[in-house]
Structures are given as structure tokens and as C-alpha cells.
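Across the two complexes that follow, chain A remains constant while its partner is chain B and subsequently chain C.
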Partner chain A sequence: MALLEVKDLDVRFAVRGGDLKALRGISFSLDRGERLGLVGESGAGKSVAAFSILNLIARPGYIAGGEILLEGKNLAAMSERELRKIRGNRIAMIFQDPMMTLNPVLSIGTQMVEALKAHRRISTRAAREIALTKLRKVQLPSPEKRLDQYPHELSGGMRQRVIIAIALLLEPEIIIADEPTTALDVTIQAEIMALLLELCEQDNVALMLISHDLGVVSQVTQRMLVMYSGRIIEQGPTREIINDAQHPYTQGLIKALPQMGEPGARLFQIPGSMPSLNNVPSGCPFHPRCEFATDQCRQAMPGYVRSGNVDVACYEVSNLIEQERLIRIQEQDS
Partner chain B sequence: MTTATLSRWNRFRDSFLWYSFKRDKVAIASFMVLLAMVLAAVFAPWLAPTDPYDLATISIMDSELPPVWITGADPAFPLGTDAQGRDMLSTILYGTRVSLLIGFGAVILQAALGILFGLMAGYMGGRVDAILMRIADVQLSFSTLMVAIIVGAVFKASFGNLMYGEIAVYMLIFIIGVAEWPQIARTVRASVLAEKKKEYVDAAKVMGFGTRRIMFRHILPNTLSPIFVIATVQIANAIISEAALSFLGLGMPETQPSLGSLIKSGFDYIQSGSWWITLVPGLVLVVLVLVINLLGDWLRDVMNPRLYKG
Partner chain C sequence: MTSKSTPLVDIRGLEKKFDLSGNFLEQLSFEGGRLHRKQEAVHAINGVDLQIQKGEALCIVGESGCGKSTIARTVMGLLTPTAGEIYYEGRRIDQLRGKELLPYRRKMQMIFQNPYASLNPRMTIRQTLEEPIRFHHPDWSRMAIDNKIQEVMTSVGIDADWGGRFGHEFSGGQRQRIAIARALAVDPEFIVADEPISALDVSIQAQVLNLLVDAQKTRNLTYLFITHDLAVVEHFGTRVAVMYLGRVCELANTKTLFSTPRHPYTQALLSAIPRLEDDRPSHIRLQGEVPTPVELPSGCVFHSRCPYANDRCRQEIPKLIVTDDGTQVACHAVEEGRL
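Then we have the complex of A and B:
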């Protein structure tokens, strides 16, 4: 059984004039120690997906359907008290901006001790001891001194190390990292990413990496999901998707990478922009931007088809597969 | 422990608060005057030449003696005496003590109520917010004095004068504290609304912290500077409210006078020439309230996040 299994998750935002469907039928699973990438444009629902896994969608958002199973137990149906035992303890989360995620008026040590005390009966002295070992683990220079320092006394990279240390504090089984390096200097980005990867491998922690940086995702993760307008449109082994993307949107994303273009040439871009949630097009949400769009795409949402090890939701792909199958049958017949 | 306090002291010495305090002459002067008055009030039993609460030491023969710089004064009473022959200096020292006690006590009560309700209203929002803030609106639409007059009159009638004298301090703290909590609650609520949108609150939720823990341990420390500023001003307000009530005869009884009841007790004798019984405690009250307000102004400037990002 997978460690985390999300089945047909629907998340909606209740606003005036009806519900906005932020997530539509999201399904995926995460095994112990696996590294999963979640890719998509801003507004595709990546962060909503991350928060809903912890059942922490703020009003007016709510989980309208589906299950989030952590070792078979449904988080979507749990009481707040039970959920609190899981948050931070079994599933931890790392946010984008290390400047904002630490409480500015509490010292690093206080914040770490707080986190430990919220989940365990532990003395302050013992909690500080654990905090110190974690700070050492994330290779923060002179960790003893840092315990009594405040967030504004640390640099961005150091703060993100502290945040990773806090995420690791309770030895979680899953870490959800929501664009953990976006707010950092390019030189620090690689360092922090490598550290996160190393720590996850060491403790066999599953990592769910949310990013719009395909480069990072392709290097770090084993499997990936591509999201568009609240749906997963393609999911499978990262290498397969990067080398041979099936969905026209994923193909566009990969083509838009600077390293894919000719030197000096204009970068490729997917025409148009993602539809807003209150104006989702009929059928496949990508069809207004898709060069292969047909009437079929405009009318109904495509289901998933399997191509190799990749699940993809696109009529173009399913039709191609169908054609290939027919050709094969004809060849066999003749 | 000693290293911790030492580093805290160093941190304070490096802080913007200390830096701007050192450069602001008005703040330093106000602080000095306030400190002197608070110390004098706290140590009144040791500083005062006589005990104004001890009727045995008072002689009616000494009544209405003028301060020393006027002819006819008795050097034993540097600020003169009141109509009952009590030494004015001692009475003022004890009176300041009572006024300060009520001022601080009332603000502590206000802050306790205001922080609790302000945090709940701001953080929980929705119905809790609507109900608490409507209660605050209703509370604010009554003037403090009106509520105090009604409650004070009821207390006085039901407990009798002797008993009333014993509970008057607590009653005043209670009335002024309860009447003014919405001021602090609104301030707290406003800053909580701004704080709760910040990412560290999300991070705290993700860590599985409970609502109470997030409210008191994570958001409250971030809203302390506006609370601090308004509390300072509220101390001055509470002292004035108390003085006004005492002046109206609904505050401290004359056997344990506060500054307000001293002013009142001298008021009847102004026409007969004994102006010092009203004027001297009046001046003390003005100076006390003025320095607190000046310090409050300074704090507001220093802690204004638009001027300084901490």
C-alpha cells in the first residue's frame, strides 16, 4: 500500500455566484521515500493541492469530494484534533519564502522548542538538545549561537536551512516542499536543494516537490505530475515525461525551457495564458491554447490513457494510440 | 541564567528603542519625572513625614496652614496642611500612590480583557468577531463616567460608607478596567487581522499547532508594540477618570484620598484663601498625566512600523 494516496480529490471555493473548482478529480499516490514532482503554471492549483493534503484549505475553500489516505486513514474525514497530530508530525511542509515563514519575534530556539512541545511531552532542555542536533544536520554554521538568534539575524539561505530543520524536527514521513528555493539566490538554490534531497534520502522521507522549475524537478524527482487549471493532465516517471512528453501542454513547457532553444533565438512560449477559475473553458481546459485542438476537445473533458508508463489526458494522444492499434491490427491481418 | 539576562541587556542596549530614547530629551525628562513620582509613591510610607491614615497624629489645630514659602507657615508641614490638619506632602504622596495603583490596575484589567477578546475576534473572525465587536461598540457608547457613576452609587448605597472605603480601590479598578477594554480590544483585533494573513501563521498551522497556541504564543507577541503604546496612554486616561470620579465624590473616600479626592476636599476652601489644598495636588496630577502622555507619544513614534521596521 502506498504511504499517501489521493483519490478523486475535488476542492472548491465557495464564492458569490457559485463554487469555483480549484481541483478537479486529482488522483495520485506517494510511496515511502519516493520523490514526486508537481509542476504547473501559477494558478494551476499546486499550492491548493499541497494544503488540501493536510486538510488545511482556508475558508471559503473546502474539500468537496474524494479521499486523502495516509496509510489507509482518510485525512479528509478526520477531526481537527486527529489532524493536528498528523500535521508537522507525520507530514511536514516547507514554504517558498523563508523571510516570511519564521515568526519574526520568536528566537529560532523558541520556535523549534514550541514545535516539539506541541507534539511531544518533552522538557525544554531535551527539546533544545533535539533542535540543536537538527540544526547540525542541516549544516547551519555555529548552531549553538543560532538557537538564541532571531530570524532577522540570519541570511535567506540560513533561514531556509532552519526551516528545513524545523520540518525534520518531528521526523515526518512526508515533506511537502512548496517551491522551497524560489526565493533564494541562484547559488544558494542548488545548495539547499541538494541538502533537502540528501536529508530525505538519509531518513527515507517521501518528498513532494512543488515547483514551476522543470529543471529542478527533472533532476530531483522520480515521478512527476503536470497540473493545468486544477487537473492533472499528465503523470508518470519523470525521465519518461521529460524525454518524451505526451500532452501538448507539457511539450510546450519543455520547449519553453531556455536550455532547449537555440542560442540567441527567441524563447518559445505557449500562446495565451491559463484560464481563470471563474471562466474555465468547456471540454479540455487547455484547448484554447492547443495547436491540436479539435471539436472533440472543445466538447468533453478527455479521460486518462496510458502511453508507456505515463497517464495522460488528451484526445490527440488517445487518438494516436488508437490509430497505431488499428494499424497494428491491419498489419497482423494482412 | 546570568548570561541570558546579560545578553538580553546587551540586546536592549543595541536596540532602536534605547537608541531613540537616548536622543530624545523630552522622553528622558518625562521618564525621569515619572520614575521619581512612582518611586516616591511606592516608598510613601518611608518618605512621608506623617501617616495621613493615622487619625491619632492629626491635630485639628494645625488645619489650613499654608506652604512654607508663605508667612504663617509651620516648617513641620512643607506644603501646608488641609482642612483637617493633615500634612499635605504626606497626603499627596499617599494620594499619588492610590492614583497610580488605580491607573495601573485598571489598565492591567483592560489589557487582559482587551487582549483576550481582541485576539479571539481577530483570529477566529466570523460570528465570534461580530458578537465581540458589537459588545465593544455598545460598551463604548456608554461614557466611562456614566457607568462609573451608576455602579459607584449602587455600591455606595448597598455597602455603606465604611465598607465602601475598603473596597473603593478595587471597585474603581474594576469599573475603569471594564469600561475601557474595547479600546485595547480594537487595537489588538486590527493588528491580529494583519498578522494572521502572514505566512508564519500558515506555517504554524502546518506544524499542527492548536488555535490557542497560535493565538497566544505566535500572534500575540507580534502585536505587542501597539498594545504597549495604547496601554501607556490608557494609564493616563484611567488616572484622569479616577480623579474625575473622586472629584464628583464617587471615587476614593476622604479617609484614603487619591489626588482627585484631595482636589475635591480643597475645593470648598478656595474661597476662604486656602488655595494650596486644591492647587498642589492638582499640579501633581497634571504633571503625572502629562509625563505619561509624553512618554506614550514618544513610544508611538518609536514603535510605528512605518517609521521603523523591526
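Then we have the complex of A and C:
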């Protein structure tokens, strides 16, 4: 059984004039120790997906359907009390902006001890001891001193190390990291990413990495999901998708990267932009920007087809697969 | 490249400090029974020389706090330099005021990072584009202005019929196009773009980057392009200046820089780009973090994080030297052949 399994998750935001469908039928699973990437542009629903796993969607948002199974137990149906035992304890989260996550008026040590005491019956001294070992683990320079320092006394990179130490405090089975390095400089980003990868491998922690950066996802994760307008449009092994993307949107995203183009030449560009939630097109949400769009795409949402080890939601791909199958049958007949 | 001719923009010995200590009274402090006066400043740029040739795209890369945006703003005259000179086509412009500066304001235009902040929310797109044209060409007729607005809007791919709309009615990518249209409206020769695509999504970044490349070709523009994204530089730049703590540590042709980076900082920076390729190159891990620009380290600004640093690096500031392939590097290790 997968450690975490999300089935047909629907998340909506109730606003004047009806519900906005932020997630539409999201399904994926995460195994113990696996690293999963969640890729998409702003507004695709990546963060909503991450937040809804721990049922952290604030009003007017709500989970309208589907299940989130942690070893078979449905988090979507749990009470706030039960959820609190899981948040931070079995599933930890790392957010984009470390300054927003850390409380500016409490010292690093106080915040770490507080988290430990919330979940375990433990003395302050013992909690500080655990906090110290975690700060050492994330290679924070002079950790003893840091316990009594405040967030503003640390640099951006050090703060994100503290955040990772806090995420590791209760030895979670899953870490959900929502754009953990976006606010950091490239050299610091590379260090933090390497650290996160190392720690997850060491303790066999599953990592769900949310990022808009295909480069980061391709280097860190084993499997990836590509999201567009509240739907997963492609999912499978990261290498396979990067080397041979099936969905026209994923292909376009990869081709549009400056590193893929000839220097000085025009880059491949996907026309238009992601539709807003109150104006989602009918059928496949990508069809207005897709060069292969047909009437079929405009009418109904494509289901998933399998190509290699990759699941894709695209009529163009499924038609191609069907054609190939027919050709094979013809060849066999003749 | 014709490096012999006068560069379009010539920056010489540029320095910029931002005072932190406030007025005279605020600088005073009482310590050990005596009155002290303490002055503190952020040393944003510490002696930068750059020549920008006509028709090229010079990129400045570096991490936050290295002074790249300060250079952009100083060149544009939005900040006054603490020391140093800026020349445009051989004429010194950093001391010009008012009317004298006006023709240069037209020739030099700027594109900012955040299109949500750079467009006035209370002006329609037409008003936004009309203002600079009217300002620089007070003698133009209504017709001429309208034609110009139509021309720039079409050239950036915004429907000319949308002129009556406001900024908030457009997406981020469209807003950045409008910001570019505003810069192009007065037919500039030189454009300073400060992180113009950093706030945009990947698929939109490609659109805006293509637009900038097209505009360069059709309008014969020269760019000073500020970015932290090396992949964009590799694609876009003619030459690249790598900055660290207010100094240029390497200046090279884009191709040369990416194939043979010389400065240890450039090497670390290049190895840190997350690439799509399979074979994950082990990135060079730098010790520690960028020191604060308030108290600059002695000697080479990079020595505290440099794996090749020795005593000379800790004491003596390295000068830019020209290597065989034309690259300029400020590094004792390269100069001595240790690297």
C-alpha cells in the first residue's frame, strides 16, 4: 500500500456567483521514501494541492470530494483534533518564505521546543537537546548560539535551514516542501536542495516537492506530476517526462526554457496564458493554447492514457497510441 | 565587435554608497564615558568600469545584494553616484540636470522587474503610453501620437483596441509587454532592463524574452540586462559581467564565460544552475554566505568563500586582468596561474 494516496480530490472555493474549482479530480500516490515533484505555473493549483493534503485549506475553500489516505486513513474526513496529531508529526511542511513561517518574536530554540512539546511529553531540557541535534543535522554553523537567536538575526539561507530542522524535529514520514528555495539565491538554493535531498535519503523520508522550476524538480525527484488549471495533465517517472514529454503543454514548458534554445535565437513560446479559475474553458483546459487542439478537445475533458510509464490526459496522445496499435495489428495480419 | 569605437555607454570607476547612520546627532553614541561619532554605509558599488558597445546586450549577473540593480539605476540617473563617471556617446551625463538631461532621458529607457508596480493603476494603457510621447515630443499632432501608440502596441502583441483598459485588466505577461511598449514609445537607443522576466511564469518568460530579442533586431537597440538567472544570460547576452559585493569579478563573451569560466565565483555560480540533463554535475559548494556590504572584507571580496584563497587574497584587492581569450578576471589565483 502506498504511504499516501490521493483519490479524485476536488477542492473548491465558494465565492459570490458560484464555486471556483481549484482542483478537479486529482489522483496520485506517494510511497515511503519516494521523492515526488509537483510542477506547474502560478494558478495551476500546486499549492492548493499541497495545503489540502493536511486539510489546511482556509475558508472559503473546502474539500468538495475525494479522499486523502495516509496508510488507509482518510485525512479529509478527520476531525481537527485528529489532524493536529498528524500535522508536523507524520507529515511536515516547508513553506516558501522562511520569514513568514518563523515567529519573529520567539527565539529559534523556543519555537523548536514548542513544536516538540505539542506532540510529546518531554522536558524542556530534553527538547532543547533534540533541537540542537537537528540544527547540527542541517549543518547550521554554531548551532548552540542559534537556539537563543531570533529569526531576524539569521540570513535567508540559515533561516531555511532552521525551517528544515523544524520539519525534521518529530521525524515525519512525509515532508511537503512548497517552493522551498524560490526566495533564495542560486548558490544558496543549490546547497539547500542538496541538503534536503541528503536528509530525505538518510532517513527514508518521502518528499513532495512543489516547484515551478523544472530544473530543480528534474534533479531531485524520481516521479513528477504536471498540473494545469487544477488538473494533473501528465504524471510518471521524472526522467521519462523530461526526456520525452507527451502532453503538448509539458513539451512546450521544456522547450520554452532558455537553456533549451539556441543562444540569440527566438525561444519556443506557448501562446496566451493560463486561464483564470472563473473562466475555465470547456473540455481540455489547455485547448485554447494548444497547436493540436481539435473539436474533440473543445468538447470534453480527456481521460488518462498510458504511454510507456507515463499517464497523460490528451486526445492527441491517445489518438497517436491508437493509430500505432492499429498499424501494429495490420502488420501482424499481413 | 568594434571595441575601438566610442562605446555607447561608458561607466568609469563607479561607486555608490548608501548612508545608514542618519544625521549628525544620530551618529553620536556614548561609549565608555566618551562621545563617539560612528558612520555606517552600505557599499553597493565599489569601483566598477563597464563599456557597453552599440548593438550588444550586456548582461550583469550576481546574487542579491551584489549591486546589479544599483548599477542599473545609477546609469539611468535615478541615483546619483558617490564617485565615478558615466558617459553616453562620449558625453558625461552623470552631472547633467534638468533640461540638459532631457534628450538622454528619451534615448535611455528602463524596464522594471514588477509589472504590477511599474504601471500606474489609475491610468489607462493609452494614457500610460501617451504620457512619455507627449513629454518628449510636445510638438506632435494628435494623429502622430495615436499612430505611434498603435505602432508600439502592435509591436509588443497587445491589441491596439485595448487602449482604454486599465493595467489590472491584464495578466502579468501582458503588463510586462505594456511596460516594454512604454519604453519603446519614445524610440530609445538604449534600454536598461532590471530583471524584466523574473516575476513571470516559465511559458510567459519565453514570450517576453522573444519580444526583447525581436525589438533589439528591428529597432537596433542596445541592452543592459540585469538578471540573476544564468540560463537567461546564456541565451540572451552578448557579453556578461559577473558581480559580487559591488565589484565585477569576471567580464567575458557569453560563449567564453559558459565554456571556460575563470573566476572561482563564476565557476560556483555556473555549477549551481539546476539543469535538465541526466548526469547531475556535482555543484561546487561554497562556504558560508555573502558577507554584508556594510563592512566589506579586506582584499578580494570573495576570499571568505573562496576555496583557493591565500594570504594575498585576504589583503590585496585583485584588479581586472585580461587573459588570452579576452576575458577580464579579477582574481589573484588566475593571475598567478594557480587556477
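Operating definition for what follows: the second predicted complex is superposed on the first by the 334 of 334 C-alpha atoms of A that agree within 3 Å, B and C clash if a C-alpha of one lies under 4 Å from a C-alpha of the other, contacts with A are read in each partner's own complex, and residues count from 1 in each chain.
In this text, a contact is a pair of C-beta atoms (placed from the backbone, for glycine too) under 8 Å apart; a residue touches a chain by one contact, two chains touch by 3 or more.
What you see is a predicted model, and the numbers here were worked out from it, not measured in a lab.
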{"item": "Fit-or-clash call for chain B and chain C when the two complexes are aligned on chain A", "value": "fit"}
{"item": "Partner chain in contact with A:A92 - chain B first, chain C second, else both or neither", "value": "first"}
{"item": "Partner chain(s) touched by A:I233 [first = chain B, second = chain C, both, neither]", "value": "neither"}
{"item": "Which partner reaches more residues of chain A (counting touched residues only), chain B or chain C", "value": "C"}
{"item": "Centroid geometry (CA): angle chain B/chain A/chain C, rounded to a multiple of 10 degrees", "value": "80"}
{"item": "Which superposed partner A:T101 touches (first chain B, second chain C, both, neither)", "value": "first"}
{"item": "Chain B versus chain C as contact partner of A:E191, first or second or both or neither", "value": "second"}
{"item": "Shortest CA-CA distance between chain B and chain C [superposed frame, angstrom]", "value": "9"}
{"item": "Residues of chain A touching chain C in the complex", "value": "41-42, 141, 155, 157-158, 185-191, 193-194, 212-216, 218-219, 239, 242-243, 252-254, 256-261, 263-271, 273-274"}
{"item": "Contact footprint of chain A on chain B as seen in their complex", "value": "7, 198-200, 202-210, 213, 217-218, 221-222, 224, 310"}
{"item": "Contacting residues of chain C [partner chain A, same complex]", "value": "63-64, 171-174, 201-207, 209-210, 213-214, 228-232, 234-236, 254-255, 268-269, 271-276, 278, 280, 283, 285-286, 288-290"}
{"item": "Residue ranges of chain A in contact with chain B within the complex", "value": "54, 56, 83-89, 92-93, 95, 97, 100-106, 114-115, 118-119, 148, 152, 163, 166"}
